[in-house]
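See below for the structure under consideration.
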């Protein structure tokens, strides 16, 4: 997209899509960039569906991952820096007339800072609307159909299925193995941290020795296709409503 | 508590309870400090139950409320400042040997910054455990029993009931009136912002003309007593598990 | 106070009173919150006297106390964070039309940051007037009448007398004992730091082994009543002049 | 790359390559991401050449571009935020044992902040070595051979040639047109800003009406191939020396 | 002083003298740099007296002067930036073994930030001792002997006398004129701001039309000599005590 | 200069000259303040030449010197603090109508932060023009004529010659001695850091044991006079062009 094309696009009042992910451990078999890859995949497909109604901005490839830094290769931004990046992305584009921004987020650890950034923007950029969604959270039905373990989530059934669909060559399938799958396997404080309504941030090595929550060996690329499809369909519908 | 008593308390490895709330509009009938009052009430009762197992630290009376600033009297901290206050409270007490901190939160707008603060503390204070809970979220059964409106929440059924129980003299009961109670009453973008999984921060006046979500006229002090009781009982149990 | 009541109050152009204190060691007999308790007591009484001429805002319960952190239980804000809190309190209320703010300060360690905050507000909020007073400094006559020790101040004669009056149940009277009362008891650098005109910040344990400056055993609740009365009377008069 | 693979890589003490660019106007014919695309192309080719001697980290796709914000679509980070991102990337990886970092920079506007970040890291991370290079500056011979205009640079001969080689489908060749090509075309203060040794930051619209410095119509993909080849060869040699 | 000489000096554990002043309006007759000039004069004379017992560090020529920015030429640092400069001066020299620092301050507007900086250093540099003094405050007897106006201070009797002694060629003596000299000349809120114990920061133009408090026409260079002599003598004595 | 004189000066739209230097090791023979002294000397002479066309503002005596902190006496500002000081100097004077600022810089380590500050000012102060020049870089011919060593720079031929001219009494001539003068004397990574186009920040002790690059024993005060003369003449011409 050239500068002039960006100028024309802004005049059409599109939603700017910003993919956000993480560069953090994803167990023995999946790449560090798993969350970013999934977020970019959904973003690209939604953009294909919606044409001029959206514009794709730059990805935020590294997220807020201090809980994973016990595992090699994990990178993290402080919440302050993540917020500054997103705020300056939004501010730069608002200067050119863009008003609506949607972060397609592949990493749960970014949810809190997406919330704080949106709150602070209410004060500094009252004309801007910033929304954010989680890739997996948009596909509740397809995820439910997987029949996930009692304990699941990070590089578990859903994330692995998605990767087998969107980037199968980046998954070392022969290294897939279950992580913590039941509450009984956890030490008490880790178990407590999984209690709904009780929020307790713990370093990830206290939850699982291999970095995995759930059993990624049970899923297929077809499971992943269903999740991605539902995520894309749901999101495209929401964006259309927003612009209506 | 004197300095020497604080030193003795730290040696017992208690959980430090910190109430957090807001000072923001709560409709025509309820005080600006509603969220702080409820958080302090639950904190005080949990402290009574648990004795030496907990210590009560200073309240954070003003929260993150930029979405309410269209209504008179609303005060707000930026998310950066809220995080700095909480981090320095935790850091000060960690210097004296306290290790576990629990924020009893009366205001949903603080959830995001509680999350970012906890994440940043994982890097800077790896020996500290910071947890947080929401007063209403701890009382799922009692709230469900209220039979809330389709749209409810801020100064609606649950919060009003709690106030009628813990601070009835601060509620102008004759001014209680319904706010927005159905999705159909909302403009489309406001309705969109209530879609589960689609997070969109909006100024509150776009959701409700009088600041209220739900129908506060339908509830009684007895409803509030049930909510507070369940909240206190649940929280006391969780704290005991944490220290076990 | 409800939101609508805050809106009405702002229209009357009142002075917003903000109590500020500390949560720091106050010797063997007095509570950590001594400074906050005294500041809130004076604030409440001034508010009673002045009615609609003032509005009471939220207290700042933790102050700037790095010099006391050698003693258990002491909490401190950095000067940056204290300034941010006060600035955002003032900014929030200025948004709703309040223009005059008065910090009733119970802790000398807050004086510097009150000064820097007021200076920075001259640039960012030129329409705001921020004033601050010290509880004890308002009662010069009553304090002089106590006949204080050569060295006195923190949890000494004046502060103890005030607490015996406003919160006698929080003073462990049987534990009251003199601290450093003469310059001769001090090591040279500590003595130097007490030279008028020579400002030298030292950790408190270099000034006094038990945290006390002065002899708190010599005073009564009646002494405290006289101090508080003079403080309240003086402050109420100054506020009236300000609004005239 | 999985977490375990990152751990193995760190043990080999490789140089971490970080591409940095910009998302800013590049005249009527070239995409906003021109600088990032060129930086990533050189990075990828160097990585191919050097194998295990290097690891490729995440790209910084948006740079410091306030001088281009008069043109639509330009995004910019403040220098503070750019520095924070780079510092946290380096800090995250240094935590896992990586010691040498090389930013392959496609945007001259990033040079200053690369310098300040490297200086501050000398104090905070004395064991880290951070180097940075400019894509075009590494290919002095091939650029000289182009016979550039008196005034050239941003989206001029060299950058356009590179894009015709690495991403020809993203160049709207039919829209290529000369920008400012001689000092005589410039207003005096703009001309002054081009004086060697006199550094004066000006908004870009004061230098050129169409955003271009130089004549991009004169170059070919083959010119670009020579520049990229020299850049890659030079850089690969320097990295080998560094690790020797 | 060379690097090696600085190394030798540090081994002698001297007091590092840092002059601080302001660059702000000083009425119709005195230079913007009045406060810096007086601080440097006292610093130089104390250094002459004390020899190896002290080392002179760099001056901080611009201070905290937002209250004077209504008058041309006034420069100001925010309190945050002033604190950062002083903290980094102290930190740099502490790295080389210097432990004691004394700010010789010519500008009352710097007092608050000197206080906050010293407090924050207690936490970050516990081995450092930072003291500060005011040039005029060190010469109480000589100032008292002047017989100052009811209202006096900024570019009034004392400051003018000092300048007539240390930099007579920089004073436009023919332009010296009285400013506000009595409380009765002030508007009520300005008068209120002069009440002992009531701290209220006001823009300077609310206190005096010509920027002057007091009557600078009444004093002589001889008056100034007495002030400077007393200031120097007092300060030299205090530094000797500190090092004893 | 008085306040009124500053007001008049601003009306003439002059260039504000700000000298910047460093307080860092300059080998065995030259003072820590070498860079500041040279910058102030050139500034003063340019000001003499240009009269009302320029105004001299306060010097920034301490620069960005983390690479020299291995040598005693070196002081450094973080790049953030240096930028804040310069930004607030510019902002203060822009408030009074000054528009053009020129930093006369004696220390190469300040170049990066001068660049970032100028970039950020483009966004915050679009009406301001900030330029900067290096003292030695303005005198290319005279420096070339010196016939410098293969490796030269910091306290080498050019800087020493300048000091012998402008401040001969501050040079311990008997202690002048060569430092590193050839690439062959350097360890490989140090040599690599001298490769044109390869930017690598290293602590100075890795480049030279005595802190010197080049041979300062080979130059005379007359060499220095030629450098300073050319620097002053060039700069005066550039300033005249700027104001034309």
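Order of writing sets the labels: A, B, C, D, E and F. Residues in every chain begin at 1.
Assume a residue touches a chain if its C-beta (ideal position, glycine included) is under 8 Å from a C-beta of that chain, and two chains touch if they have at least 3 such contacts.
Per UniProt, the chains are A, B, C, D, E, F = Creatininase family protein.
None of the values given here were measured: they were computed from a predicted structure.
Q: In terms of contact pairs by residue number, which of E-F, C-E or D-F shares over half with B-C?
A: Equivalent contacts to B-C are found in E-F.
Q: Measuring centre to centre, with centres taken as mean CA positions, what chain is farthest from subunit C?
A: When every chain centre is compared against subunit C, the largest gap points to D.
Q: Cα centroid separation between subunit B and subunit E, in whole Å?
A: The separation of the two C-alpha centroids amounts to 48 Å.
Q: Averaging over Cα atoms per chain, report the distance between subunit B and subunit F in Å.
A: Centre separation, subunit B to subunit F: 56 Å.
Q: Could you list which residues of subunit B touch at least two other chains?
A: 69, 76, 78, 80 - these are the residues of subunit B that touch more than one other chain.
Q: Based on which chains touch which, is the overall arrangement a line, ring, star, complete graph, or other?
A: Graph shape here is a ring: one loop, exactly two partners per chain.
Q: Let me make sure I follow the ring: beginning at subunit D and going to subunit F first, which chains come in turn?
A: D, F, E, C, B, A
Q: Considering only the defined contacts, which subunit B positions touch subunit A in the complex?
A: Result: residues 64, 66-67, 69, 76, 78-80, 83, 109, 111-116, 118-123, 126, 129-134, 137-138, 140, 188-189, 192-193, 195, 197-203, 234, 238, 241-242, 244 of subunit B touch subunit A.
Q: Name, in rising order, each residue of subunit E that touches subunit F in their complex.
A: Residues in contact with subunit F: 1-7, 9-10, 23, 25-32, 57-59, 61-62, 69, 71-78, 80-81, 84-85, 88-89, 92-93, 95-96, 172, 175, 211.
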